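Starting off with a structure, shown below.
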Amino acid sequence: MLGHRFATRINSFASAAHSYWPDLAGKPTLAQMVARAATVEGLTELDLNYPDHAAGDARAIGAMVRDTGLEVSGLAMRYYSNPAFKRGAFTNPDPAVRREAIDLTKRGIDTARAMGAPMMTLWLGQDGWDYSFQCDYARLWADEVSGIAEVADHDPDCLISIEYKPNEPRSFSLLPDAATTLMAISEAGSPNLGVTIDFAHSLYANEQPALAASHILRRSQLLGLHLNDGYSKRDDGLMVGAVHALETMELLRECKQAGFGGAIYFDTFPDASGLDPVAECAANIRCVKRMLDAIDRLGQDNRLSDAQSAQDAVVAVEIAQLALHGRSHPA
Amino acid sequence: MLGHRFATRINSFASAAHSYWPDLAGKPTLAQMVARAATVEGLTELDLNYPDHAAGDARAIGAMVRDTGLEVSGLAMRYYSNPAFKRGAFTNPDPAVRREAIDLTKRGIDTARAMGAPMMTLWLGQDGWDYSFQCDYARLWADEVSGIAEVADHDPDCLISIEYKPNEPRSFSLLPDAATTLMAISEAGSPNLGVTIDFAHSLYANEQPALAASHILRRSQLLGLHLNDGYSKRDDGLMVGAVHALETMELLRECKQAGFGGAIYFDTFPDASGLDPVAECAANIRCVKRMLDAIDRLGQDNRLSDAQSAQDAVVAVEIAQLALHGRSHPA
Amino acid sequence: MLGHRFATRINSFASAAHSYWPDLAGKPTLAQMVARAATVEGLTELDLNYPDHAAGDARAIGAMVRDTGLEVSGLAMRYYSNPAFKRGAFTNPDPAVRREAIDLTKRGIDTARAMGAPMMTLWLGQDGWDYSFQCDYARLWADEVSGIAEVADHDPDCLISIEYKPNEPRSFSLLPDAATTLMAISEAGSPNLGVTIDFAHSLYANEQPALAASHILRRSQLLGLHLNDGYSKRDDGLMVGAVHALETMELLRECKQAGFGGAIYFDTFPDASGLDPVAECAANIRCVKRMLDAIDRLGQDNRLSDAQSAQDAVVAVEIAQLALHGRSHPA
Amino acid sequence: MLGHRFATRINSFASAAHSYWPDLAGKPTLAQMVARAATVEGLTELDLNYPDHAAGDARAIGAMVRDTGLEVSGLAMRYYSNPAFKRGAFTNPDPAVRREAIDLTKRGIDTARAMGAPMMTLWLGQDGWDYSFQCDYARLWADEVSGIAEVADHDPDCLISIEYKPNEPRSFSLLPDAATTLMAISEAGSPNLGVTIDFAHSLYANEQPALAASHILRRSQLLGLHLNDGYSKRDDGLMVGAVHALETMELLRECKQAGFGGAIYFDTFPDASGLDPVAECAANIRCVKRMLDAIDRLGQDNRLSDAQSAQDAVVAVEIAQLALHGRSHPA
């Protein structure tokens, strides 16, 4: 049931650290950030980054999180541990560095499983290019697909979700959008592969997020749902509904109708400008709940499907706006 | 008082013409479109394009509009009557074509006044360039500024409002945004000059519309307020609030606080996809009224200004969202 | 052999009509535009739009073109003949209008064949949406795929090439980029389907055109190559190499290495700002020839592939720049 | 004389540190990076960041740089030393933090002067906002202008150059483009203020860089010229001429014709993907020298100014392309 599980980004809880921990010297520990996250009303789980948050004893880390009342919904790979990853993880031109990235990912998958988490998320942002003529695209693509297949086949019982993003840190990403990611998954062929849709990445990729979800649901499986907002030009990491409320609500409705039951994960950056991460996360949860209420209201209204059947945007948009405002359409 | 005067684009009323006028052969006449517009609940006025809608007897056209119960709030120049205008109106490289554009504008101003309309809007979309090395920018700018000054000085009692837009039809416009337009106005120096802010143009120019309005109000005068919506990448001409509800509401609040009392003009394109223009315009009016109600609600709430004083977006955004939903913030 | 066949857009030759045909009243005829196009040094063929340019006797039109020394490389569908197409061609919500679009396309295919042209290009720009909540995406996609399959199966001997574009005229297109188009082709399943890559559309879609071509060549067939240039924000229709010379050269190299032997078609808009279309087209041909010479130079240089194997952009980019300048790299 | 002074970003020389300094533990020191920079053929000077690179004895640091044969052309402020600067430097909502930013800037200006550098560059990237309704724009602007005036007036003999950028790290910057920056400078009123144009920032701001320079030269003074390249969507930090060769050349020509004699500064990020910074900087210098040669060639060619007088892009663009290729136009 969509709306019963909420997750968020653990690093947000380093935001405004010194007002929360007045005596803190340096950065907060993982355990401190988890304890702070656990104070958010309605939050049920966290993702951890690998290897950043999961070096050491995986079971102990998992237990530490669960002791606060939260679950670990999954791990997410980060390829920063070797500066050579700047030129690529699975597509690194140096075979030894490529191998290191793949092996690191396999250890991450093992760690996720040891921690009791069912999923590993891959954001392959380093796999791309900056310049025309910088690389051989056919080789880049083949390396990406075979790397994805290899890590997916490492443990068929672990779900592997690919999170796409069009640009940054490389000028262009090899997996920029839903359709290209689905093409890679189709070529890799492993059944445990799926896609994470991140709302701000999707806008940045010039997608309509609800349609991206529809493609993912038809061709593969939707494994992660990251909400946030932004201005479609970069990955702003804003609070849910701060800019594109109707598009967010449309995405939630698409996911709900498809029976998506995973956590709604807030991939926002309160730490980028020093916002209170506990208040920010609680506001995101309240906003999503208002949207889910609105979706329930829409579900009882045949006029929306009638309007959609005719592409009558005048009626359809006002029905959606009023539903979000807690009202029904004046016939 | 903001919210008592609503205007819209007359050409919208050619949309879905054959379902409205089943016996129509060809395009509807101006009088037919005006009569259709007059059926919109709450609409008080129209802008006409010059020369397209105002060839012939200006007084008669003005009387025809007023007979339907609507006012003419102003004229807007369109530089399509000579194909040579494609390479520029006030900045055309051919002095004879440039003179033709300036003289046409003066006749338009005379026509506006004869029609009883207080304002001429200039959208100088043809004044720009497509290629690097295509033109001498210093000459382009000097021609633009002196052209603006000349038409402004033609009739000091007629307000001249410049509507900026970053791109299209030329690849780049010489007056792309509020700040450049204010620079041109300052150099032209005529007191009857001011600016029209168009919401979708402002997004397209990577502006925050409320800040653009703040700059205009500080340095010049805000003469026109065009509402619509879009995806920030082009001039989509969507219904108000369809994408950026909070940014629209913020712009309205900035204008209201500054005492702007002009018409709210809907520069939307229902005709682009065959929407019903009467229903579309009525929905825009209802949407703006909901936003103005929300602004009244905000005005009674000191917590918004407190949050803004600290740039506390978590509180500020939720207050604005709930105000739009017709609720006050819980705490 | 890439570089022996050059085609262009026939409507460009209406540009600056009155300086070319001083006595012309109204618009030039198709025959006049074709005759003017035939004066371009190096041009070998034209595309015609259907139904605009191919109403009447298809064989006679084909013969008229061939009498000027040019070939007809194909037809391209335009869905403007019914205003209802504004809300969709193959995805129109009205089944009767959808049927009309499909049937019109079949007649266009028949006309292409009657004219001796081997290919029909489909740019389905009307198939998209403007608003969140405006349509049911699953239905939109199913209608698009089945429409494509139906017209492709109408005549298996006619190549059907889909030209994608991300936005405009609808706010969003259902076939915005290469990867989504390949997904549609895969679902439609007809072997005579392929893709036209338009350079400015590809930039507009945030693609690297050479990688888009690589995906098309791996998964389907490249049937059309449209060159032009722009600023990545809209479909500017500029001259080849005016902005992105290296990216254009990289695309040409990808196509050449894959053995693409079709015409290089210039989809530029000299008429948008009144440029001389004959001079413009000749300049495009000269620019492409300089790029093809540069590609030959690159082919003899092992240092480029060495640099690409290491993603060493410093060397690779300078090699490409110097090749374009007619020089070899100093090392 | 443009082309005799070349500067670059010192932090680039941390790129691929371990292949250059095999025994290095941790990050290279400032002195190590300066010594590495000094090996670039043709480089004459460096900018240092304040406070990062200039803590300690300013005179000793200046002497260290000069001992390698390089000059310090100026300092550039960085507002990262207090995490509270994330919410603003001169526009920070907390008066104490705002005061800290202003005082830090004054100490930076003193340090520049002590080091013998004539200029301080201000990139006020933290001064902006992320959310609608987050702040009071009038207060933000007033704080920015008065902060700029205060630091400019601190030492009238030090040039203060403002470098604009549209977005990042904040979602929106208060000084996004040339025209807004010129408005701020005009309101601040101090004669030692001027503007730094950064090529990639200018593209990102949807400007044509040569026109931005023209506005700056007409209304204020051009104090810094940062070259690089990118895809207009973010601040990519690519090598000069890698994407927009003609636009770069046009900017250089505008600056040369205006008599700009400052250093050409390369604000590129070879470290972002581990490129060799010495080879990258040398390639940038060679590329600019080829462009300056082309500009000399253009200067002897009346056909360019004739073409520009008619906005004849077909001739003008080909003249510029051929000049860059070392050839003259075939009449």
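Each chain gets a letter, A, B, C and D, in the order it is written, and its residues are counted from 1.
Simple rule for what comes next: a residue touches a chain if its C-beta (ideal position, glycine included) is under 8 Å from a C-beta of that chain, and two chains touch if they have at least 3 such contacts.
These figures come from a predicted structure and were not determined experimentally.
With A-B and B-D as the two chain pairs, more C-beta contacts join B-D.
When each chain is reduced to the average of its Cα atoms, A sits farthest from chain B. The centroid of the Cα atoms in chain B and the matching centroid in chain D are 36 Å apart. Work out the mean CA point of chain A and of chain B, and you get 39 Å between them.
With touch defined as above, residues shared between interfaces to two or more other chains in chain B number as follows: 87, 130-132, 167, 172, 206, 231, 233, 239, 242-243, 246-247, 273, 311-313, 317. Listing the residues of chain D that touch chain C in their complex gives 206, 231-233, 239, 241-247, 270, 273, 275-276, 279-280, 283, 286-287, 290, 311-315, 317-318, 321, 324-327. Only residues 87-88, 93-94, 129-138, 141, 166-167, 172, 176-177, 179-180, 182-183, 205-206, 208, 210-211, 214-215, 218-219, 246-247, 249-250, 254, 304-305, 308-313, 316-317, 319-320 of chain D touch chain B when the two sit together in their complex. The part of chain A that touches chain D in the complex is made up of residues 18, 83-84, 86-87, 130-132, 167-172, 230-231, 233-234, 236, 238-239, 242-243, 272-274.
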